[in-house]
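Labels for the chains are A, B, C, D, E and F, by order of writing; each one numbers its residues from 1.
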């Protein structure tokens, strides 16, 4: 069960209204690397987790991410507060309001017109949050790796926002939030390494014939090899012929069909054949009549 | 530039048509952990990458994932081939066709009715592929961690599909594809560790005051501590009071507003106040008139 | 700030595994009328709300909805628990697993194959949760009406699920959740009626000329009038002529353009005119050659 | 059946081209509170409705909303008309065109580049219309409440657009459209109140034990009580202990599993345990080597 | 302006309830090739069209498609009518209802649980309608070609549904709707051919050096040439070297950067280099410890 | 199988960084008419195609579109290169960076903040690529018409971008890409015309009674007839009465229901009737108390 405490996890002190900056902040509210995505990722993992240690950790961190969502949301609301009153009361001269919310440095018109100066669950371009961002698949060595990556990405987006923000109170709160992503990443690294073995994920081993092959699929000037494809751990295959049909077959696709299907497919093929010997006049030729360069 | 070779990377031999199984396979064609998502993830990273070693590796693997997409697509098409002919030619007795594509073990009606028995870029529930699945953010230590996690997830989905498939040709091809995810994961692990340091991601360090704190946000029976929150690396905080307003402030949110905004906001507050002393009759009371338990 | 208590708000007792039923339950987890949608709706309103009474109420109910989300998620996870182990361990005979997860009464293949038997944030058809479901617009008399409607819809979906469920523990938990929607609806009705006036929403009044007109746009057998369009409050307009151009103008659309634009638009019109006097041969005629009924 | 009359329901007179304003208007064309959403909401309800009075009313209003969609679409097209000719004819100096469609006060580049200056079914941020906005669920007391709320929201968005618009012809047309939302809201209020009882929605009554409880989930400075949670109608519960496991159970979740599942789940637990006693070295530690504050 | 006539364009006579068939029909209600998509496509084109002949035609056909949407919607509602009453009244024994709506041949649970047996704007897999289906771009020779293709696709989906339906009343109505798509296709072919020239679309001619080249990008067994790449109209290029960098350059990508950017990019490159000479130990190696084939 | 060659199909020479222009270019990278959509459309058709000529052509063109995707992606990356370094290194004065990425003529904040200056698979408004753009349905005469239309649309979007671009290197590359769309359109026209007959698509003929009728659904000033509805091929129907119930029935919808369903539906009707004789007081009336024009 969740409980709510009216104090924020981190005090929010905004220096002045700035709806354009509020709009950028939405990236960490309803965007793919934002706090709702994080909370949903860990909460859904926690629910399905049977291992007591991981379950506890996932609920801890999910709950903290919800509390971060609240911090970001408050920053957004504070930055929008002036604009909210202006639009709701219709008190400004009209042209001014229009110029304000569509002016340079301020892509906040969606927040104002549709959401009334609140904190909507969208990213900074206005795309609604979607659970398609959440990559929980219900296997711990995979999900924990997803969490490590997610914390790493969220850290970077906070770093970029700090680079873009002049307001000292916002920078300070963002410094806190960014730091917590680092701390979470460290926790998430411990848990899969406390499973032995943890690579490959899951139960099935790979085929020894293919698990150390590196196919050099992109060729030309600019090839550089390193530990990711060089050394005795790797069988490096550059020969284009040896990259195809690596099973030793002919590289085709086939299926064994019942006779009745074969007959139907032959009918279909005959009915829909693009005759390679036809020389049809087409709509294109009709359409190009009289066409001249412009 | 891409070139296409008509031989597949792995020969596809399907034993018999099975549109219901084809539908499950779509998970790795147009689903979130599927091959198009993988190819797009690595291709977009490759384009923006400036480091020659990583750029080369990313194009190599992106190109291989495109080739895997083709293998999966061919499996889907072979499993659907009979159904395709039946529906296109309308040759079956009608009730039979209906029962076939909506029957037990066969959630393939969307593939048949909308996509004509082809290989659509949807997941196994019919949800169209979306780039919201792609978590490229343009920072190498984050993106490579995302790739590690993505390969781990894809490996698991292949493992599940192998557990669900009886067709030996399909199992064999899936064994190959699953193995390649393991090989890719190994490559992707090498590249970030060849950057020093690689943690935290990005350029900014965390605040020392918060980067080793673990907030015990979920409390009650079932708490288990481990290396993720125990030991001298961690400052473990269970006191609910110390989890709030960790900056030492009052945990509120504020913004400094110009006078004119304050006046407008006061007007708005007055106009829209929900009077706590009112005792209004509401639509609910009107609506419940005569309501009795059922 | 949020805190998590490991006890659920309502104890979950499931009688036996049933992944097909779990799939239906997802409607209230990640579906449009589900608990995440509810929690997000009220949480975003609470953040932006300035009225102390409403802000407090919205946080109370948002937090309870998060707690309901947890209850539903646990029901889903319990119903899926057996299937999760079977697929992860690959212990079943393969054909059996396939038949189980695609069989009659069980549309759970997405939950199993993609989500590993967890509780994903999708609806019962597999569509990912989207913030497009959340209709918060940042005006209290509108948002509270949206909340009243949302609680009413959620109540109905619970009622339908109760009608479809035989498991007594699930029915009991759903009875609780359904009842809470009724209680929330009652609270949400009080708050807007404690604003005076609350209709129309917002600050601007309607035009007296049009605010009591009822346009009878759909005509023919089956017209029934009632309090919604009959009586002295309504001006009922059936004459088709009087339904068009109600401003008294000519019903056309126009814009005053600069000369340069007019010249360009004339060029464009000339260049792209579909000549009504042409009698072109088209691709259709080419294509229909030899066409015969089948 | 629908018929179309070439006269608009309201004459459109636009003073001058303004693609930036056109872009804001799209909110009521293809946005969540826009006219297509409204028309689809009432049309789908009308189709499934069996009550003759409601069916007639819903078709009347759906048809009027389609006619409003046409009015808004014409306003958008008129505001874009100049830009459309300029881009189609390529007649402007190139830099000028680029500056025009990306300049301050003008977020119209999507409308111009992708949609050629037409009226696309997107919101003002470019998000395509989705039926996820439509909350019809097929129960009249719920759907009519949804309609009341939807009209209230649409009224507010029109009010905001009026506050942002200087063009007198656009303001006048918007005044008409805003007023019609008020009139529709009044009709939609009458229909559910003409059902007795109409609360709670649906057939099942709530549990008396829980239908008048108010859980005070959000605690701390700023709590305000009013008619929504105070008085003899409400049982107000602030004790955190009494908010959990309100059924009197232990607040846990359980399921009765067959023996075979239990064995599999034990295997899985053993295989995937994150050992709380392990002290693993992790990728994080490898990665942080040499890391220094920046 | 639109008007509604209570008579359908085509009388609907359904023989018996069949929610599973209703679900398939949704493909033409809210699916990508369905009637709402068609109506929206033509309506948005009509609004922006300046050519009087095309504008008139587009409104004619858009209005007819809305009337078709109503016919399909009525078929869906009739097929669902029994299920609607059963679920709303909860009158059936519960297990029976569950089995009915999730049973073989019946993927209708979403329609029942979420939409109450109505006609929702989704496709047959439950994916909500999206304006992403609508390809209007505001240029007549392109849009009319899109319409030709759309009618052709819709015709095929109706043909497939006819092949799957036994109910004679539904088949008859579908025969009508399918036929109308053919008639619309014929109209849409006439309009672009009445523009001269109409190929290429738009105003700019192609570069003569590249507009008749055919690049043979896919090579291997199975190459077949026909009128689409053979003959004197085509310059057929199979040499892989001549397919790359066809401008005669080196096939690289470059940009001229200011000095300050170059310095920053060098810093970034140094900071984030994956050292090709490093031989790092990675998380993968830590994780594989003890890993053995299963 | 695919192979990658490090040389681009067309050399990219960008004159100077311009993130705002890069953002517009995304339309052809991840937008509905862009190169990924094209590649996916033809690739999925190629996989399912059985006709050898068409299969070969579709793989040729799909592979070329992938190569175009790479060209566009490189243009985007070059235009963003300076901004990428500035944000990653945080080297600029903060206010400057903020003003740069949100300033006039530059709607690139999403690309910078979320995607780090890379080439994300979104359109120019930030909407993620979706397979809902891909209209492959698995029938050659329909799919080839879709391809003709898609090439025509892509050509137009390139033409618009050329009109908006001053950079000579970008214009030149776009001229190449635009020209290739023309060449592809010509190929796609040949293939369906090499099928005889190809109209109507599919196997079933239309009903002769309805396939040459033109319903004049939109009436009023501005009607213009042309070859699309005039002449002996067309039966033009303007009489509103003859447009309804064209089958000769009564234009109603009906279904034959079992007795048990009829009884349930009667109960439901009684329970939920909106009594046309009721004169209820509603929430609206409560709410409007004291309402006065503003």
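Throughout what follows, a residue touches a chain if its C-beta (ideal position, glycine included) is under 8 Å from a C-beta of that chain, and two chains touch if they have at least 3 such contacts.
From a predicted model like this one, the values you see are computed outputs, not experimental measurements.
Counted as hops between touching chains, the shortest connection from chain B to chain E is 1.
The chains that touch chain E as well as chain F are A, B, C, D.
Note on chain B versus chain C: their Cα superposition corresponds to a rotation of 120 degrees, in steps of 5. Between the chain pairs A-E and B-F, more C-beta pairs are in contact across B-F. Two copies of one sequence, chain C and chain F, touch each other mainly through matching residues, since over half of the numbers at the interface are common to both.
Note on B-E: across the candidates C-E, C-F or E-F, the interface recurring with over half of the contact pairs conserved by residue number is C-E.
Separating the CA-averaged centres of chain D and chain F is a span of 23 Å. Spacing of chain C relative to chain D, judged by their CA centroids, is 8 angstrom. In chain A, the residues touching two or more other chains are 1-9, 32-33, 53, 59-60, 62-63, 67, 74, 77, 84, 88-90, 104, 107, 114, 116, 122, 125-128, 130, 132, 137, 139, 141, 148, 156-157, 159, 162, 185-186, 189-194, 196, 199-200, 202-204, 217-218, 222-228, 240, 243-244, 251, 265, 268, 274-276, 278, 280-284, 286. Taken in their complex, chain F has these residues touching chain A: 1-7, 50-51, 53-54, 87, 90, 92, 94-95, 97-99, 101-104, 107, 109-110, 112-114, 116, 122, 125-128, 139-141, 148, 185-186, 189-196, 203. Considering their complex, residues 20-21, 23-24, 27, 31-33, 104-107, 123-127, 156-157, 159-166, 217-223, 240, 243-244, 251, 265, 268-269, 271-276, 278, 280-285 of chain F touch chain D.
Per the touch definition, chain C reaches chain D in the complex via residues 5-17, 32-33, 52-53, 55-57, 59-64, 67, 74-75, 77-79, 81-82, 84-86, 88-89, 91, 130, 132-133, 135, 137, 139, 141-142, 145-146, 148-150, 152-153, 155-157, 159, 162, 172, 175-176, 178-183, 185-188, 190-191, 193-194, 199-204, 206-207, 209-218, 222-229, 233, 240, 243-258, 261, 264-265, 267-268.
Those residues of chain D that touch chain E in the shared complex are 1-9, 30, 36, 40, 43-45, 47-48, 59-60, 62-63, 66-67, 70, 73-74, 76-77, 80, 84, 88-90, 114-122, 128-132, 134, 136-139, 202-204, 280-283, 286. Only residues 141, 189, 192-193, 196-200, 203-205, 224-228, 230-231, 274-280, 283-284, 286-294 of chain E touch chain A when the two sit together in their complex.
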